[in-house]
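Shared chain: subunit A. Partners: subunit B in the first complex, subunit C in the second.
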Partner chain A sequence: MIKRFFLACAVAFCFNGMAVADVAPTDTDPVAQKRAMELAAKLRCLVCQNQSIADSEADLALDLRRQVREQIAAGKTDAQIISFMTDRYGDFVLYEPPVKGTTILLWVGPLLLLIAGATTMVFLLRGRNREEAASPPLTQAEQARAEALLEGRKAGNYGSNGKGK
Partner chain B sequence: MIPEIGQFALILAALLMMVQGTLPLMGAAKGISAWMVLSRRTAQGAFFFMALAMGCLIYSFIVNDFSVLNVASNSNTKLPLVYRIAASWGSHEGSIMIWVFMLGLWSCAVSIFSKHLPEEMVARVLGVMGLVGTGLLLFLLLTSNPFERIFPVPAEGRDLNPLLQDPGMVLHPPMLYMGYVGFSVAFAFAVSALLGGRLDATWARWSRPWTTLAWCFLTLGILIGSWWAYYELGWGGWWFWDPVENASLMPWLVGTALMHSLAVTEKRGTFKVWTVLLAICTFSLSLLGTFLVRSGVLTSVHAFATDPRRGMFILVLLGLVIGGSLLLFAFRAPKVGTGGTFKIVSRESALLANNLLLTVACGTVLLGTLYPLFLDALKLGKISVGPPYFEAVFVPLMVPTVFLMGVGAVARWKEAALPDLWARLRWALAVTLIVAIALPFILGRTSPMSVALLALGFALALWIITSAATGFLDRIKYVEGSFAAKLARQPRSYWGMFAAHLGVAVFIIGVTVVKGFEAERDVRMTPGDSVSVGGYSFRFEGTTDREGPNYMASRGTFELSKDDKAIRKLYPEKRKYFQFGMPMTEAAIDSGVFGDRYVSMGEPINDGKQSWSIRVYHKPFVTWIWAGCILMTLGGLLALSDRRYRVNMRRDVGLEKA
Partner chain C sequence: MKKKLLLMIPLLVFFVLAGFFIVGLNRNPREIPSPLIGKAAPAFALPDLNAPEKIVEIKDFKGQVWLLNVWASWCVSCREEHPLLVEFAKTHDVTIVGLNYKDKAADGKAWLRQFGNPYVVSVMDADGRVGIDYGVYGVPETFLIDRQGVIQYKQIGAITDQALSEIILPKIKELKR
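Take a look at the complex of A and B:
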């Protein structure tokens, strides 16, 4: 049934839904309705360009919305409904890609970027401060220089802070 | 005749840009001033011919010259005049055309407002812009000629995509492109500084106003796009994390980092290398955005161009611009000095950390946008990366950003003592935490998840406001005179920052309240039915047919009321454009400061009772999202109008003459 629907929709253009399948009745339980809309927002309308089934008015989206409502009414959990959808349509239907081998980089990527960026920055700044610490005027005795180095950045920072010339 | 004039003007513009992109650069390298002085004249000439070509294209659209392929495929005699004009940039060819037109406009502006700059610098900046322009113009002339003729001439054109027949279309692309292309000035300044080996505070001061102005345009462009999507697409969202939206968000994020980094470079002489890199990245991302949208690699609501040849051309151009500038950067950057030092706790550090966070946020958006394309290209499966992913990774990055935004605006340059910062910010922090935690309960929320999300959003917004207030009180403490005099003594650049940061707070409040309190109903309604949402009631009174210039519409009539008191009538429409099969939804919105009431029509239902599927929404505080963006833009403009730039400009001119 759904396969047939899907094909019919794929042939017709996304918005072309003359005969409407079903519309939510006005008297649904608001909690279930809210849950249905939240779930629908996570599912992609496969025949549309880039719309969730919550946003689309395509036949397929209407049908899938009804599916979601019916399954909620039947007491299915969100996870069950989502696996029902992925079994039929693959991961493409999910706007939140599942964590697995091919998507691991997608999920840990932001963290890696942050760590790499922060490390580079700390590394550069420390190198820079060391450079600054090493560059006070040479008129100082070697011992004072060593002390400045041992004391760390504190001594170095007051050494020179010209405007980059 | 007119299209041929346009065609020739385009070719002449390309030739002038080639001169602009070569001789002045060589002149600057060899010290030949006769070659350098060419830059201004060629830039102005190129702009003149670009404007002429643009005028010819618009004229062809206005007079319905269907012998021009571009006009025949994107316009129609029944299309209203304003959309015929907007159709000039609605097509692929037209949008590249307006891109180059904007580039001409910016270089012309640089040539006029650069009297205080050394000749060598002007030659290099305009030269770099000329090179970029040459690339884009060749792309236009060789793969996407906007003036291509067809024979036999069709009697009628196809229509403009109905999604684009909207006032938003008139403003959104020009604003967005002004922003995208505006960053080319910052890019050109950065590349010239690398070429000339003169990277110092003056360089930062010169490129700052240009960057801020481009950022203002981009902010405005994104804002208009978001608002347009909100009322035009008919499902009440304001940001969809669509790849095309991401393409405009990425340069915005890095551009924001650039703007702040430039401020540090100008004031403290530090972050120079980093600033140059950001300038290169911002413009590269603008180009990448153009590539993503124009090459058709993305198939989404916005992408209406598909032709692999064009994709390859832009990809090569992208490689040359990004690769070339990064290569130059790699050679020249190590020679740049480091500048003023600063401690771990200082305003510099806060700004640097935020730069990093904004850049990582941009990288994340890039990753999420391109990942499905790569997986698909490598045949590893098709996935969708949508709002749930972006929200999950973006929000955790923005939380520390906003926190540091408050700290950075208050912390001292060079070295800030933690105890001192704590003493100054503890009240702001206390107020923020108490109000943010209390507010969700006062507003009647009890579920832990909902309270936590609301409290987080409120805390971020309040933190910006309270820390900005703290900074403000600190600033006026030691100023003599009455309160009004104290206010008047603050420079405009300070007010600019103040307004822009408050804009972020207003934006966050809007997002938080909409997310937390929006309500929607998707219902079947028969004339006479009522549905209520968010305390408002919508009564459906039926539909009438209405004929528009190039469409037929079913117009619904709804009476909006609250507590049985009628407020106003709303007239949403479902339109069928003659040239297109797809019906379009025109939502009707009752907009107010504290919320919007939104109704859009779904589909008619064949039950013999003239029923329709209808969506109604209550969107509290949604307008605050856009109001926040407007405040940010105003902040940018205020900072631009700061006395410092004008005075410095005059002083520079004076020096040159002396």
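Take a look at the complex of A and C:
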């Protein structure tokens, strides 16, 4: 029942949107139309938060698209339209957050992590090299024993595990 | 010693991440902080729901501490909060203005008859333009506006008993002082 109600709403809103689109002031101008689409793709729909207002069929997205088209027709610049949106809905309405004090970590964070990772790796590898260099070379007896052990393991492997095959 | 410290790093990283998650996961992603708080409430001049020939303007409420409640007859959560508003209007001396958002006048009027009318006046925002000016994205929403016409608080979603008694009422008292 409720589902049907929502469906009916959605359908009603679609027609609503089409009616608006029919008289949309930018429809006859392909350049303005393209601008409207590009702007709409940059703006987040606040109802269905993972869609831009270009993708969303939510009622609010339709209204915001209408706003974008009207403002383009009124000769507003992209920056003016974007700030119209952020004045009302905050930076959240932008898919790409602006660079400022509160978002700086967001922008440089990945770089910081990369630097931290690279530094750690360099130190670890250097440490390992130094360890290897610092360990004294094997004596002849040790060398012989090591070889015997390696050989023995091979022989043992073939010997004891051979019964299966 | 140095090695022990190095071994502590994963644990530290874990605690930092856990901290982020504890804060982040307890937030409601639907509640987007409004940039309008602390700013002048956007002006409007809209027809009265009950007397469409009469235009109600924001300056009519200058000098009052008032609530602007965004509602609609199609809004499910509005039914949830409405009894609270009706009760609140009866028991407290506060001006509540309704913004009937993207609704049909007949539906809005019928709704108020059915559920009660806590509003001194409801205005019709049929095409939702004033709603956009107020950054409305989910009805119901409620704005607390002070004597100078500055938005002091925004409730996103239905008003709860808790929000009313712990946030809105104390703020109203403070602003009326």
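Quick note on the criterion: the second predicted complex is superposed on the first by the 108 of 165 C-alpha atoms of A that agree within 3 Å, B and C clash if a C-alpha of one lies under 4 Å from a C-alpha of the other, contacts with A are read in each partner's own complex, and residues count from 1 in each chain.
Here is the rule we go by: a residue touches a chain if its C-beta (ideal position, glycine included) is under 8 Å from a C-beta of that chain, and two chains touch if they have at least 3 such contacts.
None of these values were measured; they are calculated from a predicted model.
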Partner chain(s) touched by A:128 [first = subunit B, second = subunit C, both, neither]: first
Contacts of A:39 with subunit B and subunit C, given as first, second, both or neither: neither
Touched partner set for A:118, first subunit B, second subunit C, both or neither: first
Partner chain(s) touched by A:81 [first = subunit B, second = subunit C, both, neither]: neither
Touching partner for A:49 - first (subunit B), second (subunit C), both, neither: both
Per-residue touch tally on subunit A - higher for subunit B or for subunit C: B
Subunit B versus subunit C as contact partner of A:95, first or second or both or neither: first
Which superposed partner A:106 touches (first subunit B, second subunit C, both, neither): first
Partner chain in contact with A:67 - subunit B first, subunit C second, else both or neither: second
Touching both subunit B and subunit C, residues of subunit A: 49, 90, 92
Subunit A-touching residues of subunit C, taken from the complex the two chains share: 29, 32-36, 74, 102, 127-129, 131-135, 137-138
Interface residues, subunit B side, partner subunit A - complex: 200-201, 233, 235, 237, 240, 242-243, 269-270, 272, 299-301, 337-341, 343, 352, 356-357, 359-360, 363-364, 367-368, 371, 375, 380-389, 392-393, 397, 414-415, 520-525, 529, 531, 581-583, 585, 602-606, 613
Residues of subunit A that touch subunit C when the two form their complex: 9, 46-47, 49, 59-60, 63-64, 67, 86-90, 92
Subunit B-touching residues of subunit A, taken from the complex the two chains share: 13-20, 23-26, 33, 37, 41-42, 44, 49-52, 54-55, 57, 65, 90-97, 102-103, 105-106, 109-110, 113-114, 117-118, 121, 128-129, 131-132, 153, 156-157, 160-165
